[in-house]
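Below are two complexes that have chain A in common, paired first with chain B and then with chain C.
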Partner chain A sequence: MLGLESKYAYATGRVRVLETRLLDRGRIDRMIDAPDLEGALKVLAEAGYARAQLSEKAHPVIDDITAGEEERLAALIRETTPEPQLVDFITARWDFHNLKVMLKAKLHRVPPEKAWARHGTCDVATIKRAIEGETKDLPRHLAEALSAAKAAHDLHAMPETIDIAVDREMYRYLLARAKSLGIQYLVDLVQMEVDLFNLSVYFRSRRMGRDRGFAAEAMVPGGKVSPMRLVASYEQPPEAVVASVAGTGYEALARQAAAALAEGRPLAELERLSEAVMWDRIRKARYVPLGPEPLVGYIFAKLHELKLVRLILVAKLSGMSRESIRERLRDVHV
Partner chain B sequence: MDVTVGMILGFLGIALAVALPGVGSATGVGLVGSAGSGVVTEDPDKFGQILLLQVLPGTQGIYGLLAGFVLMMKLGVFSGNVLRLTTFEGFLVIMAVLPIAIVGWLSAIHQGKVAAAGVGVVAKRPEELGKPVTFAAMVETYAVLAFLASLLLIMFGLPLKGVA
Partner chain C sequence: MEVRVSPTRMQLLRLKKRLGMAERGHKLLKDKRDELMKKFLDLIKKEQALRGHVEAGLAKVLPAFLQARAAMSREALEEAFMAPKVSCGVDVSTATIMNVKVPEFTWRGEEARDVHPYGFCGTSASLDDAVAGLAELLPKLAELAEVEKSIELLADEIEKTRRRVNALEYVLIPNLRSTARYITMKLDEMERGNLTRLMKVKDIVRAKQA
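After this line comes the complex of A and B, so read on.
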């Protein structure tokens, strides 16, 4: 009679307390207004960020802080969820991220970024070896993403093609995982991510001047809007895509992105609008009294918070003005 | 002692009155306990407030036991001279305990869900404890009504004479 409600009761209880410790608008403003990196780190330390006090060095500190919180998030999931697969669902994102970062570093001969996640299920050394050609230890889903990314890069030697190919494999994998877990809210969220990814592919492919076949190939099936429905308007004026997403909740996003595309403005707005759509859905989990939704919603909210924190700290480190940081975070949802 | 079908039905009635609300209460209390443990892991100071919410779904089990206790007295279990009920009287006993058995069982589970949701309120706004307690107490109303119905039926609605 209780099912999932009972299984996730403990997790719900913990998440209800942890939600109160997420950074609110006030703390984000204080971080932005802090005179320097040190000041922003103090705000994080007050908010319970475990490693925010180690503040002598620059880059390692930012990585340490976010890695520390990622570790805590993974530990929370392990301790509270009755579904061990839910942990993989989160850590797999970090694996795909690491694969992207290292593959781009290798193929474009740039020094490897520091920005890899440390708590993936597959260790960084295995991914590095796989990129060098030794793929036997690499999990199957990552090996498939690696070969898809290499093939895409052979056709179009641009970093963006690696991003698209790896993301496509990641969403395909996450969607299958979410369905196997049987948590409808999680499936809904991943389907929304898939739709937003497909919309992003649609607009970016048009901006890059790629043909319809490229866009259709890069999109992931399984979302609420089928790739076929999206690419149907590919050769028409940009605003025609709005009709393709009618009734899905993505109309405003599609309209604004289409206007940006038509006027030759940057597509950065697309990312912001996508986040807003996702955030509205994540927020709904706060009103579900019991079940997996509060935990899943918290996981997504925390990942979003870590992205914000990284963005602000890097901006502080590079000496960016408060106004510029505010502009970059305009309408960011906290 | 010759056992009649009516006696078996009578004892089944006692078992239903005690067991079903007991199962419901255990489920409800367990649910609130799980959610409460999650909160206390992060914030041990909230133990007292959560305990108050946790005891609420436990009352149905007590009502069921009381109904069963009165029925035991009525059937002469304590005197050692158990009334040899007719089959018809046995069915009447079962009918009399059904209100508390069914309502007690289901209301305890639903009260547990409301109280577990209230744990979330306490986690975020401990000063608002009275509100989730009131919400959970509203579910109690129906358990109390069912208990009264069963009690009145057992005490005044069962003309038990038994067979000679």
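After this line comes the complex of A and C, so read on.
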């Protein structure tokens, strides 16, 4: 019987080649320096992205490029890995997204078409039937999320309660899935994602003026920093949160975000710092010679790259200055 | 241009009546124009302050929204705004300024503190800033729309009134005056002609009697 490392030998080989095709600092700089969106798209096409034809509406083109790359990434995982469940880390998010869309459409009587994502694995009819009460065809994790969201909405009939309940179930599912695959590096990444999400909830809720109970409800368990530790400092000055995350590696991030919150500066900085922290963890997979880590690292690196691509393309489309784009990407390594 | 009339006393009386009425109307319209200008300038001042406030707000909100759009997919953004959390609206009624009907927008909205209808996963902090900023700006935007529409309607009315004042001042009143002068001169001329004729007849009669 093959060990975990050997099972991923083929995937590691493929990923080592694909890693060299990830956008490097030089290409990112060329995209930023391109005179317009078309120039940036040319740089992307050189890097192996689908060649896009610009139409009058450029936003859908950008969405199509990133969605197409996600599909290619999912196909790569299916081809190379002995654990096709790894695809869940890309597609499950869209399934949960579609569940939220259909539930909001039903409970708030709004049309779902514009928000519906075609990248999920569970089809619209199944989710629709499940919302009507026939849940037998719905995967278990989605059925659990559906009943949690319905219960939360019954208690407090606000649209965000659906999102909060489904997000909680999604992270619970991803954590359980990572643990069931037995890949510690993946568990660490998902836990880090949960921690960064909780920190984001902490700062954003405070900026919104929401109370402690709301923040505690919106936070997700399962990370390395307990939500209880975070909300303990909720009513204290923002810098108090730094003590709550002491020894976790998020101190610098928490300190800077707390300063931004206290000074009334935009919290977008928090996202930039979170991406930087995440990237530092993702890149460690490059030093693992064999095993699931290179593939998992590549999946997260590619998703990270797609975020950067979207950011640069939308900034180019709207004529944002090069300096502003560089400022937004400061500390976000590639 | 003179008014073409037969030079009779009746016409002169009619013309004088019209002239008096035109002068009264001219004065009233001038007063109306001046008052409209005063109101117009007050509204312009209000509009400048409001527009400054709204544009400064939008200058913060729009880049934040752009950043959010850059960080989020189209589907995530659509999902975030699928179901609104607070309802708002505008009650439209009309008010009258110097007989000009202007709109009055009364903002109906809930407290702008709790306006984010989405969760935290897949959404950006920039979106929070954009939504909160827009929620704060919306009542001001309605007020700005009311003031700008009122300014537009007042400007139309001022233009109409100005044309009427000018038409009275530079066309109708001078014409009526000149026609009245013409009739007066014509009547005087006729009077003098009659007098001369009478004197001549008197001379002829006296000559025959002698």
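Worth pointing out:
The rule is short, and it goes like this: the second predicted complex is superposed on the first by the 255 of 334 C-alpha atoms of A that agree within 3 Å, B and C clash if a C-alpha of one lies under 4 Å from a C-alpha of the other, contacts with A are read in each partner's own complex, and residues count from 1 in each chain.
Definition applied: a contact is a pair of C-beta atoms (placed from the backbone, for glycine too) under 8 Å apart; a residue touches a chain by one contact, two chains touch by 3 or more.
Keep in mind the model is a prediction, meaning the values are calculated, not measured.
Put simply, more of the residues of chain A are touched by C, taking chain B and chain C as the two choices. By the touch criterion defined above, A:Val15 lies against chain B but remains apart from chain C after alignment on the C-alpha atoms of chain A. Applying the stated contact rule after C-alpha superposition, one finds that A:Glu169 touches neither chain B nor chain C. Once the two complexes are laid over each other on the shared chain, residue contacts for A:Met320 go to chain C alone; chain B is not touched. By the touch criterion defined above, A:Glu83 reaches neither chain B nor chain C. Contact with neither chain B nor chain C is seen for A:Glu305 once the two complexes are overlaid on the shared chain.
Touch criterion not met for A:Glu293: it reaches neither chain B nor chain C. When both complexes are overlaid on chain A, the residue A:Ser6 reaches chain B alone and has no touch with chain C.
Overlap of the chain B and chain C contact sets on chain A: empty, with no shared residue.
Contact residues of chain A toward chain B in the complex are 1-2, 5-6, 9-20, 80, 289-290, 294. Residue ranges of chain B in contact with chain A, taken from their complex: 27, 30-31, 34-43, 109, 113, 116-117, 119-120, 123-124.
Against chain A, the residues of chain C that register as touching in their complex are 64, 66-67, 69-71, 73-76, 78-79, 82-85, 113-114, 116-122, 124-126, 128-129, 132.
Residues of chain A that touch chain C in their complex: 59-60, 63, 66-67, 93, 97, 100-101, 104-105, 107-108, 110, 112, 114-117, 158-160, 162-164, 166-167, 170-171, 197, 200-201, 203-204, 207-210, 218, 266-268, 270-271, 307, 310-311, 314-315, 318, 320, 328.
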